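Please go over the structures that come below.
Both complexes below contain chain A, partnered by chain B and then by chain C.
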Partner chain A sequence: MTAWIDGQAVERDAAVAAAAALLAGARAPLVAGLCAEAAAVQAAFDLARAIGASLDPAAGAPLYADLGALAAGGAMTTTPAEARGRADLVLALGRAPWASGLLHDLAAEGPVRGRAAGRPRAVVALGGPGDGGVQHVAYPVDAAGLPASVGLLRGLVAGRVAGPHPLADLAVRLREALYGVVVVDPAEIGALGTEMLNGLVKDLNETTRCFALPLGDPHQGRAVAQVAAWSTGQGPRVGFGRGHPEHDPWRFDAARQVAAGEVDAALWLASLPAPLPAWTRNLPTVALLGASQDDAIRGDEARVVIGVGVPGEAFGAALWHPGRAAIAWHEATAPRPAASPAAAILAEILTQTSADLRSGLAGRPAPHPEPASC
Partner chain B sequence: MLTRIAGGRVVDPTAGRDAVGDVWIEDGRIVAQSDPAVADRAPDRTIDAAGCIVMAGGVEVHSHIAGGNVVLARLLLPELGVSEPGAPNPHGSGSDVGQLYARMGYTTAVEPAMPPVNALATQLELAEIPLLDRGGLCVMGNDDHLLQLLRDRAGAEAVRDLVALNLATSRALGVKVINAGGADAFKDGAVRFSLDDEVPAYGLTSRTILTGLLDAVETLKVPHPLHVHCSNLGLPGADDSLIETLEAAEGRRIHFAHAQFYAYAAVDKDNPLTGGFASAAPRIAEVLARHPNATLDIGQVVFGQTATISLDILRQFSGRKAASPRKWILNAGDAEGGGIVPFRYRDRGPTSSLQFAIGLELMLLSPDPERTILTTDHPNGGPFTAYPRILHLLMDKEARDRELASHPRAATERSGLSGIAREYTFSEVAQLTRSGPAKLLGLSDRGHLRPGARADIALYRDQPDRTAMFARAHRVLKDGAVIVEDGEVVAWSRGRTLSLAVEADAGMARRAETYLQGRFGAGLSSFSVPDAAFPGRAVFEAVPCRT
Partner chain C sequence: MSVLTLREAPPERLDLAGLTPAFLAGLSEIEAARLPVGTSRRGLTLGDCFALTLDGSDDLRILGATDRLDRVGAGLAAGRIVVEGDVGQRLGAGMTGGSLEIGGSAGPFAGTAATGGTIRIAGDAGESAGGAVHGAAAGLDGATLVIGGTTGERLGDRMRAGLIVAKRAGAHAGARMIAGTIVAEEIGDHPGYGMRRGTLVAARHGALLPTFAETGRQDLVVLRLMARSLARLSPEAAALLRAPLRRHSGDLATLGKGELFTPEG
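Up next is the complex of A and B:
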């Protein structure tokens, strides 16, 4: 059994009908999680538009550390493959790069493309824990913290900090590198720290080449940002309450909205693993949960729970590929033809929700698009 | 269902037709009234076209409507992509883009810059643009696999096979090259790069890369010629770059993207970067007349805020200090990457006004409107929604003079626009926006109204205000279905994505698999665009290669 209402196993169609009724009856619904394949995320945006919901991905907070800095000042970035092929200097900022696995790959080889080819690759760290498996030069972060150190480093690189400084040598290394790469998790240094880093990188490019390499979140956030952009013209925290997309990273923060009591129903989409927020049990919620095994879902995670196939496992899917830093096709690794993709469930909910809206809630935005007839 | 579009002025230059008459449609295609299957039947539906101009649906060859850099532009400039109720935004969602094109009578649009490494996301985005048929051009010329083959003198067949593999894997409609080798050179510190400069790490000139791709596209019989973004875009003296590139084609078919941005003759030839520029439109028009193998699209500049988007990261880096507002993105990606530099074409500013004049001049001096296609290189020269006003100015000398009178003298002193008396006819408009781009893309089923054509048709109320006329079509039919009435979308169709039917060589697929696994830790499948990525929909339609 793969569907439940109030913890009781039901037929899937009954759960879909209950989900549609719950969402169609809501005045301020929320669609959250979005930790899923691109087709399901797209379907979630279509559903949100139809029911006037707001959206926020599970990756919202870390994603907006990056997007906030991007919108404030832009960025200069590169990809993991370009870093592996070209970088003669890798700077790991903070703790997160050491947990990513990327540093091991970078430390294991040297640049093979471009003007740095054949040079040794230096790995340096600012404020990280280090790793016995990666030989590197560690630079300390003072009590002001990592973002402030990035600011100081920018000042040193630009020659705006006079006198000796513990990071002066690091500034020289960055200036002298032919293709420097700064690996960072924007969530760790925040939007302001990320903005400062982007400024540092841009300054360095006045005389050499250096790029940021932001680590993606583990919850498909960077794929969601793309689907959001082409679906709404904006980042993912949007609301359709007034029929057209409104972008507001603060207002449509799901955790804030729920805590403030602004939401009366929700849909949680996680066909891939994502931490389930506590509110799915307190707020009338439909949860679409991916499970490799039929018994992996308890059924009491939300008022309505529907099990869906895990993308890239049960069926092929378009997912974020961290190594490629792109949405990429993932073949099924353990095909399960019987597993329902979340996109199909969402399409069914949309169809039934649209019918419910037409019959009971005039004035809601129409589902979009509908087929043309000759 | 048999439909008659009755009593309109039917304009189809491919059939020498410009007269009041009817157009008949059945099963989504145009049929001849003389066809025995039609001749004795009464129409099931009649659309009154009296007082209207009837043309084929517009075809867009170069508009940045999808892809990673379009996404980044929205994220960099959230304020530019805002949608207001009832006011779709050309910088906004794919849905807005589809609506706005359809309202103008366009029914096909091509995204010209689809990097194969980002093909899946680009195709997913294209599929979300409703009302239009769509396509993407895959970009090659800075990818290390291609540069390795050329450096190692692997042979023309290997280059051909790699191009075919990229076309097939990304499900593209054609091939584009953007400042061949320039992005790679930028990563090694270069800030200038011309046709005979070498990519430092490969010892290859831009010319060598270009030639390899020209040959491959011809050998594969790709209907759309190689779509070329030359080096030195936007610089005084860029006309030399365009003409050198044209000569390098040595008679092979070649398409030049956004030629306006190259129609800048250096005023001081000895110091091209300090003396400013004047129009090189007459020179380019003259060269175009002598080279029937060449086509171009314009890249017309219009005024206001926009975001420039390009995979020419060397050029975008050079332009960063003109960013307005002062923020920009540059991604040194796998192959090109991309750059987004916001820019405001200052209304009545001397430089912007001169650029504006040069674009119009290029079209008005055109020896063949089918080979000088209207684009704004959306959003680089401005939004595609400026087309109606541009057509108005092309068709109306008085309106043009009034417009020019309000611009700084640079527009008249450094271009010949004010001295041009030509006014475009409806047939020439159709060549510029329908038959020309359709022929260029090799889409024989559109761009005209002859029997057998897809019933993509635009009806415009014939009125003196050509801007109003072309901004809101009276009716637009897509595959025979009415999708626009009086400038408003009345029915949503999802369109299809056009992709070239080209076979990939199995041997090259194996080589590529090895290369990609080594570089990305992911094989060819990861780069594919399977039907399964679009569940519940049949998105793609195959376009055959030339025979």
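Up next is the complex of A and C:
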């Protein structure tokens, strides 16, 4: 693979050494992106723990719309596979379900197992553009917007909002369904709207079965959430500055931290495609970028750039599987033995960073440094 | 009066949780200077960042404060902390008593989980003032929060008890309220989204949710009692409560026992 320092091509070992020195000398490093295979994300958490960095995935904002609601009130969710097998009613909420391709699969077949087996499957939509290829019934969104409409629907389902209403028929459909599924992108309705939707689903489960089916983000956010959970017991926006993982979605929001000048070095991990933030060129940054072709990386994306193999393409890797809603093994589709996995590069950086810290080139100062070092 | 004077703008966020007058009263200046306040692996201490003058009194003054000072007054149970300047997130988090006075503005989550005492912010407050942090059971929980300026979105989000008085608030004021009272001159769109109980009073408001039902003009004794209790804290808020008020009930998406009062006409 290829590596660059300040836009100049260098040997990979030199780039790894430069990356380690940059990160080991930082006061408040940031490890961001995390759009990568599970092994690389795990390696990024290990590196962050060693250098006292904070973490935030590229999928941070949409992921926390879902995690915020989950932490506040819990959720009853299902997977695409279960929805295909069991649902007799599918509610597409907003625009995102129509861009996912999932509705085509759901509309093409009916429930084959469970209490709704043998019944026809109805697809209904609240908001969103619809699709001529998917037979569905469209309901209008209230003028107050989609989150307000979810609240209205919840009030209608529970009988707290009465009288004739355009959504009253949809409320009846949800109550009468044997296995309802609400497909939604939490980022589209926000944390408040998602919490309201989870409340609607729980209300429906008083008398029937209904589940939310949150769509994943395209940047491995849900896999990162799982790695973060098994690594720290918390969500992905954690900081190791004080030696232990502190979870703080506001404080460790990468965009906020960079804008506030709280970060002095960063590592951007994207072995899979993810939009590169502008700050990688302004802030001393190490970028690990995946590319199918060597010439796809320019080398000026950050101070230190190291090309890595694309997981699931150059080598087999554990990645998020949207259909199963789980981390699953993806075989290599175009094996490239010469391509270094990001996890291996991160392990090398960790080894050298640890050596730098031990040799006193950087790291924790004496317990009580001179005043005015603040 | 004890005084902490920030030497220079801190290079990282500092965590001042637990630095209350009562706690500092039990320490010498040398001991206090060794308290860890940094949030990076540099291990900054209070003495690295502040010049300290401690006299064991229940008054503490923080001078030269900036918005990188987090959790100022967190855990305060008694006494008074006066801050000259701005503060960061979670001002007065979990405080149970005493008073906090901020001369500048505050970051997000001011007063979160505070069960007692009074917080006064002369300037603005960030998002979720009096609101719950990620995964927390409640925001403001019995304390009094007075904000002289404008607040961000979700003022009083998931608050369980207590009183918030603000000049202006952004969208979704009183979202997910469990109980308590919010009085503001102006609030943004969709107040009370998902509120179960609680009272919102606003002279002006943005778009209302379709799950709030108007229940007519209400001449309630409780409003006059609230006006009386608010007179000392905020004469403007008290005057608002004495005006003829129209009531909306909501959020009917949830329990629906909350209410929004706005001036008639």
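In this section, the second predicted complex is superposed on the first by the 359 of 374 C-alpha atoms of A that agree within 3 Å, B and C clash if a C-alpha of one lies under 4 Å from a C-alpha of the other, contacts with A are read in each partner's own complex, and residues count from 1 in each chain.
Heads up, the rule we're going with is that contacts are C-beta pairs under 8 Å (C-beta built on N, C-alpha and C of every residue); 3 or more make two chains touch, one makes a residue touch a chain.
As the structure is a prediction and not an experimental result, all values here were calculated from the model.
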Touched partner set for A:71, first chain B, second chain C, both or neither: both
Which superposed partner A:324 touches (first chain B, second chain C, both, neither): first
Which superposed partner A:115 touches (first chain B, second chain C, both, neither): first
Chain touching more of chain A, residue-wise (chain B, chain C): B
Which of chain B and chain C A:242 touches, first, second, both or neither: both
Chain B versus chain C as contact partner of A:62, first or second or both or neither: neither
Partner chain in contact with A:216 - chain B first, chain C second, else both or neither: neither
Which superposed partner A:94 touches (first chain B, second chain C, both, neither): neither
Which of chain B and chain C A:33 touches, first, second, both or neither: neither
Interface residues of chain A shared between complexes with chain B and chain C: 67, 71-72, 235, 242-243, 247, 368-369, 371-374
Residues on chain A engaged by chain B in the complex (per definition of touch): 38-39, 42, 67, 70-79, 81-82, 84-86, 113-115, 117, 178-179, 205, 208-209, 211, 225-227, 229-235, 242-245, 247, 315-318, 321, 323-324, 326-331, 341, 343-344, 347, 368-374
Chain B residues within the chain A interface of the complex: 1, 28, 66, 68, 70-72, 74-78, 81-85, 89, 91-96, 117-118, 120-121, 124-125, 128, 130, 144, 184, 187-189, 200-201, 317, 323, 327-334, 337, 340, 478-483, 491-494, 519-522, 525-530, 532-536
Parts of chain C lying in touch with chain A, wherever the complex brings them together: 7-8, 10-13, 34, 36, 38-45, 47-49, 68, 70, 89, 108-109, 132-135, 154, 158, 172, 175-176, 190, 193-194, 207-211, 251-254, 256
Contact set on chain A toward chain C in their complex: 27-28, 51-52, 64, 67-68, 71-72, 142, 144, 147-152, 154-155, 160-161, 192, 195-196, 199, 235, 239-243, 246-251, 262, 363-365, 367-369, 371-374
